[in-house]
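By written order: A, B, C and D. Residues from 1 in each chain.
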Amino acid sequence: MTANTFGDLFAVTTFGESHGAALGVVIDGCPAGIPLSEADFLPELARRRPGQSAVTTARVEADRPELVAGVFEGRTTGMPIAVLIRNEGQRSSDYDHLRDVVRRGHADETWVRKFGVRDHRGGGRSSGRETVARVIAGVVARRVLPAEVRIVGHALRIGPHVAARFEPDSIESNTVRCADPDVAIAMERYVLELKERGDSTGGVAEVRVLNTPPNLGEPVFDKLKARLAAAWLSVGAVTGFAYGAGFDVAGMLGSDYVADRAHFGGMLGGVSTGEELRLCASIKPTTSIGDVARKGRHDPCIVPRVIPVLEAMTAIVLADCWLRDRARQRDAASSANARR
Amino acid sequence: MTANTFGDLFAVTTFGESHGAALGVVIDGCPAGIPLSEADFLPELARRRPGQSAVTTARVEADRPELVAGVFEGRTTGMPIAVLIRNEGQRSSDYDHLRDVVRRGHADETWVRKFGVRDHRGGGRSSGRETVARVIAGVVARRVLPAEVRIVGHALRIGPHVAARFEPDSIESNTVRCADPDVAIAMERYVLELKERGDSTGGVAEVRVLNTPPNLGEPVFDKLKARLAAAWLSVGAVTGFAYGAGFDVAGMLGSDYVADRAHFGGMLGGVSTGEELRLCASIKPTTSIGDVARKGRHDPCIVPRVIPVLEAMTAIVLADCWLRDRARQRDAASSANARR
Amino acid sequence: MTANTFGDLFAVTTFGESHGAALGVVIDGCPAGIPLSEADFLPELARRRPGQSAVTTARVEADRPELVAGVFEGRTTGMPIAVLIRNEGQRSSDYDHLRDVVRRGHADETWVRKFGVRDHRGGGRSSGRETVARVIAGVVARRVLPAEVRIVGHALRIGPHVAARFEPDSIESNTVRCADPDVAIAMERYVLELKERGDSTGGVAEVRVLNTPPNLGEPVFDKLKARLAAAWLSVGAVTGFAYGAGFDVAGMLGSDYVADRAHFGGMLGGVSTGEELRLCASIKPTTSIGDVARKGRHDPCIVPRVIPVLEAMTAIVLADCWLRDRARQRDAASSANARR
Amino acid sequence: MTANTFGDLFAVTTFGESHGAALGVVIDGCPAGIPLSEADFLPELARRRPGQSAVTTARVEADRPELVAGVFEGRTTGMPIAVLIRNEGQRSSDYDHLRDVVRRGHADETWVRKFGVRDHRGGGRSSGRETVARVIAGVVARRVLPAEVRIVGHALRIGPHVAARFEPDSIESNTVRCADPDVAIAMERYVLELKERGDSTGGVAEVRVLNTPPNLGEPVFDKLKARLAAAWLSVGAVTGFAYGAGFDVAGMLGSDYVADRAHFGGMLGGVSTGEELRLCASIKPTTSIGDVARKGRHDPCIVPRVIPVLEAMTAIVLADCWLRDRARQRDAASSANARR
């Protein structure tokens, strides 16, 4: 019911505006005894950070996470974990010229109508910067899950370029996070070209989860696929979600569909099978185009930056479902039964 | 947190198995004073019912809703509304041969593992029959919404056949619920052909919402698009959800994307703009194929039957968001402020 | 958020009016595999039923529970359990004279203002009859808990008469449910006397839980004592809740308080210790007095009838907390840690 | 479901340990446009602060609230409000001698068993210091409520001393927050005497709400009295809650009970009537007695300090119920009906 909290047993609350004093996250429900330190957040924050290359925005965000609660002597305590990130080096005055501008095709338009006030400084909560908090929560969520679970995101498509191979080790070695090294080169070139033209492009991000535990998801409304869809669509840039054969099922015969278990995407009846989860999202082109874009402060393609966010949201959903499945595991019933 | 409840202020709880004594729904949070009777449910139940034509299953389900609580002298009382539908004429013994069969590519597989027990009689809660309860709740949800809101679903695609026109008045005049009368004929023919071959097909269902109220959706996690995605993906047959330009954004330039507001699908920043909502879902082919299918108890294409369910889930989400937006409307703040 | 649902992992939704077609309950989150049948509900329903003696109301309610969902071949399936009780032999016309009467000091007054409609037939949802649904849920909750947990309620005080002994076996052998056989006689006499005078009396009900599992309750807001207080105060007749030394602490020295662990009531820091829980509630006198009361349709003292309801609410809270504690048990963390 | 979040539409999440880096609170659901600044928190924080007099603890806590999110140009934005309070001047090393001490009759005992780790520095989250976050949220909650609502707490009883008069203006003019100036003197003397003896005392705190809006509370489980009971019992020191005639009903005749509307405590059927709310709680004596207490770091009576916390929890409940009632106000139904 609280619009800025996601999850039930593993519940993530985010707060903070892109140009306010700080952003932060409270993670409630993390089991006690898990090792955790501020340094653990740095790799994922670095992956999300813009300005890593010419492809992404040139802004440098110094994201220094401060772990203010929930960890004692290096381990989680079972109490809410709170992490704070100060917004540094971001001058609100840079945005004064936007004070009276409601950006077309942007959250500004609806948020002003709904709330009657507007933080014109870079979008406030509607800014992509809010996702810093999600990435932090994702790091904790992965710790809750069994260690063998691997959540791997990559750029399946950017504009006309579609990856044909999946080589996970190559993902972080190119600026577009493409798992196909050859296509990555074409994608990078395309994005740079758009930057020069002051335009942007959409794409498709895919996340695969290896060693997914079975039994995740609670029918009928909290099916795993429903939870994942909600988590992913809560990310600003996402316009669609699909799993397994996804929208390709539209043209498929039933006989084709059942012929390959990969079509099921690792879920049946909304519950994980234990097989690889395969999820994808369509990512819209940024609407910051034209002169604004050419000035170099925006990404022509945000697929690479959305990937760590989608991985984080996936981890959060899986951790929540995993704790939830534990609560009602069959031995609960059988232990009670045994005594009758 | 309760897996069989959907929604917060307008909360729908469903129960019942496909071959148990009854299915039902409890709707909590409906405002008082709304006219409601058992007869109000019949048109939508009829639309959902299989066996309406050769295209859909031949089973005849006599769905007689009994309104057992929450209505007094023809109007809602503000108390939970409960509606019951008895399962009649469905002999469990028909399913005895399935007692030890775990159907491949079916919820059976994961539900047995997760719960350790199985209702082999037609799938239990994993059966499409559970959606009867959702359709009933959808009828109530539409009553909560302003009367001018219209929720219109149709078959956008079935197998290779894609609708090219949108003529809403023609939707109910063909068995596939296609809004393009010419394509409808091709779709119907295709589905009949598959039935003879004992195969099935997927498709795409679209729902458009006319006169959508603005301000629906609560950032950042309860964006309208996130709620709709969760609602739709909770339906068994749905493998993907998209809104506005959906997955087409993958190949779009930013300059193209902003050129047509229809691409935004009626939402910006996850909040409704007041414009037409445009939503679509990919629907998988049924996995009941081969001999089972030829015997005539299953749909070769469930797109037409899923449409009323997606409309219902859409109405439930909109009613919940509408009540929620009311709670914090700006006059709340201003009335409190005025006094300071 | 749904006002007619209580609990998170073990979630109870009640519906139905005292003189509508039926009352019912949906219990979501019960683990699969627990034996359950309609007959299991009868003993508790009998205990709650009025008309058992001159002390309680003379109405005869035929409460025949129908288990319509969630049980297959005698065991729970992990799906929502739904139980229905028809209201039989209760003629709405009996209440026609109340159509325009808003009863003083009664829920009628506020409910009419809030909802704008009123079910004048015996109070609708504000009637004590709604607690039938809670008692049913309590039966299921007890099955979820380890079998050795015993929840024992009794009348600690009725008017000026206070029980001095606790002999659990004697509770059901008197009409006031007093665990002190001598005081029970005085209580019974007092209640009969009030009935003749057309008056009523308040009292105190106590519930003790033997063999309470430790670790129930989740700091800081979902402490066990907070959950129990909410559960108990949701019962119409309850005006106060206390545990352990309760309101007696007001006059106690710290040195006295710590001298007897019974003062802690089985909870420390809001979490169960594993010792006996000791809870009590003040129960107001019924406001149906004077001529109405003398006509014999109302209880002069509802303490005996509230006891099974408080036991049921206690069981529901314990079952919910018990499932919740399971979700995050320490091995969750350690299993994940072990792999790091 | 999240144990450190309280409320639905007005949802308060607290985090932080007594001796960690910081405590804080996230308040989600506050309507936009309400004036709010850091200075607004100072008066209530001062009231809660220990060390104000010989009666309360001598520790000086410098509580400087930092408003890090949710306010822009002096007004709330509709986004989550986050407030942080650094723990300054509190050296963890002061607590090293407690590293292996599990304090008897203290949350330490159950929390160590449940979570398997312990923050020995002053209790961590089980410390009364956590209530700083609640007091901050209470300030915001009062702003959401209509300005005429007044929430007034006072010490009704401390040890053997019971207030006989209610003079609200005198409450803050004595160190025990007693509304009866004569009894206040006796209470103060009693508390000082106990401090010298190294003992402590319990008491009763009362909160009255003047100009309570009617219609607050949602039957049947979210009755206002149930919500208040949960809120109050979530405070560590509270062992009982009652409203109106409270536990006095136990000895009352029905004819006496209905004779004075003050007995109803401002609620009927669990919904506020619009009359004065009258609520009280029993507060246990602190268990820090003997040598520990004499050394001067603990309160011999925490009733005065709990009062601002109970006022805050009351405000939070009322704000949540007030927003919730707005969502379903009757015009919602009538506006929809009008069109039919």
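We take it that contacts are C-beta pairs under 8 Å (C-beta built on N, C-alpha and C of every residue); 3 or more make two chains touch, one makes a residue touch a chain.
The model shown is predicted, which means the values in this text are computed figures rather than measured ones.
Q: Considering B-C alongside A-C, which chain pair is linked by more C-beta pairs in contact?
A: More contacting C-beta pairs are found at B-C.
Q: Sort the other chains by how far their Cα centres are from that of subunit C and give me the top one.
A: That would be chain A.
Q: From the mean C-alpha coordinate of subunit C to that of subunit D, what's the distance rounded to whole Å?
A: The answer is 27 Å.
Q: Using CA atom averages as chain centres, what separation in Å is found between subunit A and subunit C?
A: 44
Q: At what distance in angstrom does the C-alpha mean of subunit C lie from that of subunit B?
A: For subunit B versus subunit C, the centre distance works out to 37 Å.
Q: Considering subunit C alone, which of its residues make contact with at least two other chains?
A: Within subunit C, the residues that touch at least two other chains are 1, 3-5, 8-9, 14, 29, 32-33, 76, 78-79, 114-116, 125, 219, 330.
Q: Can you list the subunit D residues touching subunit A in their complex?
A: Per the touch definition, subunit D meets subunit A at residues 1-5, 7-9, 11, 13-17, 20-24, 26, 28-29, 32-33, 66-70, 72-73, 75-82, 84, 114-117, 119, 124-125.
Q: Write out the stretch or stretches of subunit C touching subunit D in their complex.
A: Against subunit D, the touching part of subunit C is residues 1, 3-6, 8-9, 14, 104-111, 113-116, 125-126, 130, 157, 159-160, 194, 199-204, 214-215, 218-223, 225-234, 236, 238-258, 261, 264-265, 267-273, 282-290, 293, 300, 325, 330.
Q: Across the complex, what residues on subunit D touch subunit B?
A: Of all residues in subunit D, those touching subunit B are 1, 8-9, 29, 31-35, 76, 78-79, 143-148, 219, 323-324, 326-330, 332-337, 339-340.
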